[in-house]
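Each chain carries a letter (A, B, C, D, E, F, G and H) given by its place in the written order, and its residues are counted from 1.
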Amino acid sequence: MANTLFVRPETLTPDPFHYCPGCGHGIIHRLVAEVIDELGVRETTIGVASVGCSVLAYKYFNFDMQQAAHGRAPAVATGIKRVLPDRVVFTYQGDGDLASIGLAEIVHAAARGEKITVIFVNNANYGMTGGQMAPTTLPGQKTTTSPAGRSVDQAGYPIRVSEMLATLDGPAYIARVSIHNPPQIFKAKKAIRKAFETQLRGTGFTLVEVLSSCPTNWGMKPAEAFSWLEKNMLPYFPLGEYKAASGVSQDD
Amino acid sequence: MANTLFVRPETLTPDPFHYCPGCGHGIIHRLVAEVIDELGVRETTIGVASVGCSVLAYKYFNFDMQQAAHGRAPAVATGIKRVLPDRVVFTYQGDGDLASIGLAEIVHAAARGEKITVIFVNNANYGMTGGQMAPTTLPGQKTTTSPAGRSVDQAGYPIRVSEMLATLDGPAYIARVSIHNPPQIFKAKKAIRKAFETQLRGTGFTLVEVLSSCPTNWGMKPAEAFSWLEKNMLPYFPLGEYKAASGVSQDD
Amino acid sequence: MTEKIIIAGFGGQGVLFTGQLLAYAGMMEGKHVSWIPSYGAEMRGGTAHCAVTIADEEISSPLVEEPGTVFVFNLPSLLKFAPRLKPGGMLLINSSLVKQEVKRNDLRIYSVPANQIAEKIKSAQLANLVMLGAYLKLTGVVSFHSVAASLEKTLPARRRHLLPYNRQALEEGMRLFGEPN
Amino acid sequence: MTEKIIIAGFGGQGVLFTGQLLAYAGMMEGKHVSWIPSYGAEMRGGTAHCAVTIADEEISSPLVEEPGTVFVFNLPSLLKFAPRLKPGGMLLINSSLVKQEVKRNDLRIYSVPANQIAEKIKSAQLANLVMLGAYLKLTGVVSFHSVAASLEKTLPARRRHLLPYNRQALEEGMRLFGEPN
Amino acid sequence: MKILMKGNEAIGEAAVLAGCRYFFGYPITPQTELLEYLSRRLPEAGGVFLQAESEIAAINMVYGAAGAGARVMTSSSGPGLSLKQEGISFLAAAELPCVIVNVMRGGPGLGGIQPSQADYFQATRGGGHGDYRLPVLAPACVQEMVDLTVRAFTLADQYRTPVMILADGLLGQMMEPVELPAAPVNELPAKPWATTGCKGRQKNIINTLYLNPEELEAVNQRLQEKFAAITKKEARAEEYLVENADIIVVAFGIVARIAKEAVKVAHAQGIRAGLVRPVTLWPFPEKILAAAAARAKAVLTVEMNAGQMIEDVRLAVGNERVHFYGRMGGMVPTSKAILEQIRKIGGIVRGKYAVRPA
Amino acid sequence: MKILMKGNEAIGEAAVLAGCRYFFGYPITPQTELLEYLSRRLPEAGGVFLQAESEIAAINMVYGAAGAGARVMTSSSGPGLSLKQEGISFLAAAELPCVIVNVMRGGPGLGGIQPSQADYFQATRGGGHGDYRLPVLAPACVQEMVDLTVRAFTLADQYRTPVMILADGLLGQMMEPVELPAAPVNELPAKPWATTGCKGRQKNIINTLYLNPEELEAVNQRLQEKFAAITKKEARAEEYLVENADIIVVAFGIVARIAKEAVKVAHAQGIRAGLVRPVTLWPFPEKILAAAAARAKAVLTVEMNAGQMIEDVRLAVGNERVHFYGRMGGMVPTSKAILEQIRKIGGIVRGKYAVRPA
Amino acid sequence: MARAGKVKIDRERCKGCALCSAFCPKKIIKPSGDVNSFGYHPAEVRDLKNCTGCGICALVCPDVAIIITRKEEAA
Amino acid sequence: MARAGKVKIDRERCKGCALCSAFCPKKIIKPSGDVNSFGYHPAEVRDLKNCTGCGICALVCPDVAIIITRKEEAA
């Protein structure tokens, strides 16, 4: 161990990911697994996979998992956490899942201060179903259901989930991070760790929004996709901590 | 007319309201009707009644109305407005309807900048079904499903809808008003008028949150209920304009 | 014995509670009982009623299609339920509130100035118990003691201090048609 | 005549488009046609295929349960579909990519070095059309002209400039088994 | 000792006594008292009552809690049940035990709040997508609200399936004396499949996704075998005067009691009527009904709907001889009206009667 | 002139030609191409495509738009349809014309994305609450995806009812040549009941709430009369070789075409098999089937599910003689397997056969 | 010159909620002793000549039971 | 004293996304010419001796195809 700089986290099963080449989901899975490893809570963690490209997350994480209906992961996690309040419970959700069909569930879990952690992967489209518009799709962005580019007049504006949830009293920790380059990946991991630590302290609802890429549906090479993310998504979705309850320092 | 200080608005049918004595819904109905009268749009207005005590609103307003499923009025209104973009379309919704079951629909209608007006009656409980806890029920408030008072630990915190929706780019006008005394009733009417005017200008989504009372389920006399509202709801739900797009002046 | 009763009035006149008391007392006496309330929208501002069955044998249908007894506490209830009474049935009218004449002549009709009596005791809120007392005396379907015991079991804590007044109202109701017992 | 064909390979090798071209050409010749793609998860990273039927009479079942012809563009497709070919069926192998021997000896097997040929023309992306050309020449199920016309109709605008290369790839495929026509 | 309870509250109390400690629900008339009761009772019992933001959230909380190994319940009425259909399909697919209560009201749409039985199809045919069924128990009195609630939890765990209690507004609102179970359930059956943290074992997964159709077919086959076993073993019905009956009345829930009154009176009038009351709607007691009807000349189905159970009756006894009487929209059939139907079918002529097939 | 189209896209184009200018939907495999197609096509046609935040929002947008007098459509698959059930019950109750498409995939739960017919019960029995039915049309080829979509809009307006197109992933994904309707619909039937603003008339109300049960019963009675009229007039089926058939195969949608192949081959082998393909699943063409089956010795129902339409088959032809063959979870029955079933029922012995009832 | 109003309360619409009484600056509205046909004690203006026609009672009335017509008077 | 790492890329796990190549500060990772059994061109470290063991390639690899073991060296 002392001799190893980088190994596969114990919390990941050996199964290879089914994600497309260069997809951000793989990086984010690994970060979550590393944090669970570091906190030593693998055996007391229950994850909830949502419907989206990461629907098979239950295959990749090496702990108990439930697979939830589209958008309902926060409700499923609530059911689990209420029965097992001393376990670590988290959901892993895409932007279609969380911000579109599942919006009521995420807001209410947050408002209730449900003591769970939400890993929210914002890749500005519906990856799994082939690149349709998401609530996070940027104005002008082309998708298969906004073929002329998202028209704010017809399809409205993207939702800033972190800012929106930060208006509530239930959340203890909310941050938006990105994985478009190595320093950001480091920061993303820190935020994920903080969220889980906050859950362990039982102070409230925690969520980390991770800006990610979908090279396949964006029609870009993976590295290009990260540049696009940086250039286009960051201005609309500013990074930072939107909520950190007492006991959780802002940007430590 | 010149001789009349106060008459029943033309936009109200002669049907007596079914509301309990002293219920705020009656006042709010009248304010909406007066505004529609004043704007002269009765014949081009389509209202959407939601499920709650005001489910029968379609009987009282003297214009075309649809009655929507619980929580879905914003979606129904969207359907209408997309077909008839030059009509005035509004929803009338309670806090259970809008902030609980219908949360996804209201947020998305707001994010889309749907050019409708929402009259959102916040009476801190589910009136129609007999006084259960609502997402707007205050911490400690007793209801039939929070018999020991709302415990924030178990049931979470109230949602501040206006503040939350104001984080979105779609809304053109969002205000919170109250009707607990005559000056506030005047202000409430002004805000409602502004919302409809904004809709007529087509600049985006508009919503007026009206703090109201439910004397029956609060177990208070109507005047007492208004005092309780003032003392307990105002601190949690501050009045004011939360969003006013250019062309709509703040507090005119 | 199968006794089918309807108790009807404005919401707030205690009609649902009166029926519950009766059912509870029947149960305490080992009888089969059922109690069906009107519910929902009808209750806001409008009229409420309940249907009680008390029987020696198992109750197949708990519906009260043709009541043997009807209590009425307001005019709409009289108009609605008097026609449904079975021939020879008993109609108990709170005559403090309902003045109208009844057209049918195949009924046993008793007028109880329940509000007046109740107000004398303490408040009009007790009128329902005056009516119930009258019914007890007139029929003996359940005993005063069972009803009194039921009151003790069912009165919510915050109204417990009213127990003596409740008993008194029952007794005054009985007294209209004989000695309370 | 009822011709049932399966075209299979990695996603991105143009297998679905090849089938569409064939179906389109059949339709232009007044034949009955149907085209069924594999869809969904199978496509991400995995193998894609389509099933085409071309017939003179109405097609009752569009399923290709026992193909008469299979095009394979990668090894997994060979393993999956070669066993399903009906006895005497035709197996067209892109031999630039698939090296494995086929066990069955009741088939007509044709090896087409499609990638090599395609790369010579312009790029490996044209391999599917080389294969299709070979098929056209070998079977005559539809004519070169119909396929060429279909190409013109179906090629998306942004790839329109590739039309000459596409035609050339078809022709080179045909040339393997005779003169293009 | 008996206590006088409202049907809705009786379900709540029975659930607690059956070891249920988690309830997730959303108010709707006429079942709201069940929530209100449990909002007081569950915290007392060390459990959790949570008013969900919607019926959809509630059913998915049930999914999570059931997957975590708890005994858990939700309840609603018509419109709310419709919203739960996706979740119910997921619960059935994931084989998660739980109890779902529908206290029916008049539909369709927002409809009304008076009693109805118009959700029979939804309950018995799976209003959700895909091939699944779930046991549906139909109480006819408040005592059965208790007994069948307890039974529902047992069946749920035994077969790893959601179980539905299908009642109606009248049963939910009425009061009757009930005997509560003497011995409350304190220990739940072991659930080694539950997701409780993988300490000391391989990880558990609760899942309904099978992208490979062969696998999904195998899962479905396993489900179908379970459904066949339940069909074989769990069908129940009450029979009343069916021996030598010329006319069999079939009705469930509160309607069956009203029909029983009619059957009684018919007997007193010399008409040989009998009653079959399905207690399980799925599995439908077709054998019991077929046997009872074998000797009868006509079958009369009575429902508070436009005729839904009648399809199961026809599937059990054939298409001939089956008559229907129903009321809709919250109207409750009276025993008088049912008696009239019996007499009509019986073709009464001055005290004598001849039963004619329809 | 024919054009080659995907089933999903064919529905989209047909809708536009039928005068539909509004679509509200949410992506789900295997119907997403329908959304994608209309997201391009509708703006061209001066209409509105809106991707809703969920299936629930979509169906309620349909409610609003239909109430405003438009021709409007939504589409989804299994789980999404389950979520729409409350809305469908409302649409049926409010008598709002619209078209709802279900391109079925394997269930229950999240299931898979391969073709299935396991939502038959949901579609034909009303997965939503309350007494309602809606016409369910089952295309078997891409041409019918077009024709029945056009028909669906006509029926919807004629009867003021939602109409469902029940297809499956195979039909949605496959391409076949289609002939589009020569004359697109440009003028819609008058809808004096629509809420369009009350200028020059009394106000209109779209509503499903009737707190008074007498009123709600009357509304239900009116609905039932409409359903009876539809049942009487609108049942359709395709018959193939049913004259003198000993075995009637019953199948719908894509399965019927596969079964047709099997029936053809059976004939060639000297087995007198015939096919009845219900084109309307509700109303179920029971008269047509009963007539065809009257002369047959056995009936074989083939479905891509565990046996759902078979209940309608049994209700039409009686419980005896009805056999079943089904595949589940996205598996598609082959014509070979169906032929084998036909031969088994036929009891083939060296070229001869005797049909025995089950 | 003050403007007085003529306040009319519709007995059958009034539900006796007493909001008008509570907010009338002149405190001249009181519940009446008898009941209307819905069982409510309707409000009554007891001292009409003191009414300023300010309209507050109508403004707060949830049942639109009050209408006010203007009559101008010298102060 | 710099820390060099031993970088190992799992050919069968690698999907040839080239993120490692893009972010390697030493630009020593390149796609290989041949394909793995999934049809991808796996990444290869071309110039291992220039590798600093910084770990960036592993950090950005979405398929956890890279592991790095440490070897300490004098600069």
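Basically, a contact is a pair of C-beta atoms (placed from the backbone, for glycine too) under 8 Å apart; a residue touches a chain by one contact, two chains touch by 3 or more.
Computed from a predicted model, the values in this text were never measured in an experiment.
Path length between subunit D and subunit G in the touching-chain graph (shortest route): 3. Summed over C-beta pairs in contact, the chain pair with the top total is E-F. The chain with its Cα centroid farthest from the Cα centroid of subunit F is G. If you average the Cα atoms of subunit B and of subunit H, the two centres end up 59 Å apart.
Taking each chain's centre as the average of its CA atoms, subunit C and subunit G sit 38 Å apart.
With centres defined as mean CA coordinates, subunit F is found 29 Å away from subunit E. Counting partner chains per residue, subunit G shows two or more touched chains at residues 15. Along subunit B, residues 20, 55, 67, 69, 100-101, 103-104, 108, 135, 155 each make contact with two or more other chains.
Residues of subunit E in contact with at least two other chains: 29, 48, 50, 53-54, 56, 79, 86, 90, 109-110, 113-114, 207-209, 211.
The touching residues of subunit F, when paired with subunit D in their complex, are 2, 4, 29-30, 113-114, 141, 169-170, 173-177, 254, 257-258, 260-261, 264, 332, 334-336.
Contact residues of subunit C toward subunit E in the complex are 20, 23-24, 27, 32-37, 39-41, 59-63, 65. Residues 3, 5, 12-13, 15-19, 22-23, 40, 53, 55-56, 58-64, 66-70 of subunit H touch subunit A in their complex.
Put simply, subunit B touches subunit G in their complex at residues 2-8, 12, 16-17, 19-27, 30, 181-182, 185-186, 215, 221-223, 226. The part of subunit F that touches subunit E in the complex is made up of residues 56, 78-79, 81-83, 85-86, 89-90, 92-94, 104, 106-114, 116, 118-119, 121-122, 125-132, 207-221, 223-224, 305-306, 308, 311, 314-315, 318-319, 327-331.
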